[in-house]
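Shown next, in structure tokens, is the structure this report addresses.
First chain written, first letter: the chains are A, B, C, D and E, and each begins at residue 1.
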């Protein structure tokens, strides 16, 4: 899985009929940056269906490929990326490099 | 999923028999470019089967891998990329960076 | 899908028993190059099973991943790339950038 | 498969219901470096579900894609990477470039 | 599929129970290099299960992704790469760029 930040949305009115009602979020993909003390953007984005009700600015966990279809919302749909968790904390080498409610 | 612009077509008369009647579109893959105020080409292209009747110049949403076979048109066919939505708007950080009928 | 040119073959006498009788072609992967007026090599190659009887020098359409197993020849076999079409024409922005029988 | 070192964990309280009870490990992906006499970091990380009880600092074997769902722990879950082995030794060209209990 | 040279092995005593008895080979991935008259290393390695009894130094054909599970040895196992053929000859543009028993 990969992590990233929800930064936007895509609206597509004309689409495959099985995609009605799904929310397409734009996720700015991030990678671990222990030296920098946190996460760093990779410069790439994916579009993922939201299976957990993630909000703008939240750091999320995404699955890609056929595994993206293994949620109730995405089952049997032409979806190759899904947001399936909202990240609370990321710890590397015993240090918290990310914490959701860090002030 | 990824987004891109439909820029052309490929015709292949001799092909797997299950591919008869499918339209192969050339999609110029784009990535988000919030600083640049829109989308930017990645320099790469994919060939995708059109499941929604996308027209030349339209910005589309594509699924790849086994998920590309989860539309009526592509089911059980040797297809690894599908156009399954036509993008109306893309919003990043509260700003519309793409709008179909802009301008 | 991707396009490429058939440039060679691989022979493997000792192989998984389900692979008997398949032809392994070497495909030089190409990308669209509208400015250059055609296709340009990416510098990468894949080895694909031929499902359509492609000849040396032909430009072909290849599917990858699990979709490569969705032809009669490759069904249920450990194959992750297949040639499933022979390209006649490629048109980008209204210009033919590739034509099979171009003299 | 790829190898890497377990360097941290990710906690996500709000997640797809089928993901309850799984441990998400952060794996620093490594590549072989025979000249350097061992493994070298690639600079990339993946998040993988732990199917074998790997500990912090251990070098592990990971499977990706749909194959990541072929363990008891990950079956039918939206998981695209799994830790499915703990590496004891890596031998290249007759030399041990990695040994778990090397002092 | 891709080709590469078998250069080593990985031993993992603690692993998913369905992986017992499989041999994990380290494959140095190679790409075609017609100008250089043969194959050239890409600098990357994969770990693949051996389905054909390949020996050290042999040039092999590997399948990746879900297709890697389509051999008797790897069926229903968390395996994403398999050695499914041993290469005898590679011919590009009418020239043999690789021959197993070349002296």
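Definition applied: a residue touches a chain if its C-beta (ideal position, glycine included) is under 8 Å from a C-beta of that chain, and two chains touch if they have at least 3 such contacts.
Everything quoted here is computed from the prediction, not taken from an experiment.
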{"item": "Between chain D and chain B, distance of the C-alpha-averaged centres to the nearest whole Å", "value": "33"}
{"item": "Chain D-chain E separation of Cα centroids, rounded to whole Å", "value": "21"}
{"item": "Multi-chain contact residues (two or more partners), chain C", "value": "65-66, 68-69"}
{"item": "Chain contact graph, described as a line, ring, star, complete graph or other shape", "value": "ring"}
{"item": "Circular arrangement of chains, read from chain C onward through chain E", "value": "C, E, D, A, B"}
{"item": "List of chain D residues in touch with chain A within their complex", "value": "7-16, 18-19, 24, 26, 28, 44-48, 65-66, 68-69, 76-81"}
{"item": "Chain C contact footprint on chain E (complex, rising order)", "value": "1-3, 31-32, 34, 51-53, 61, 63-71, 74, 82, 84-93, 97"}
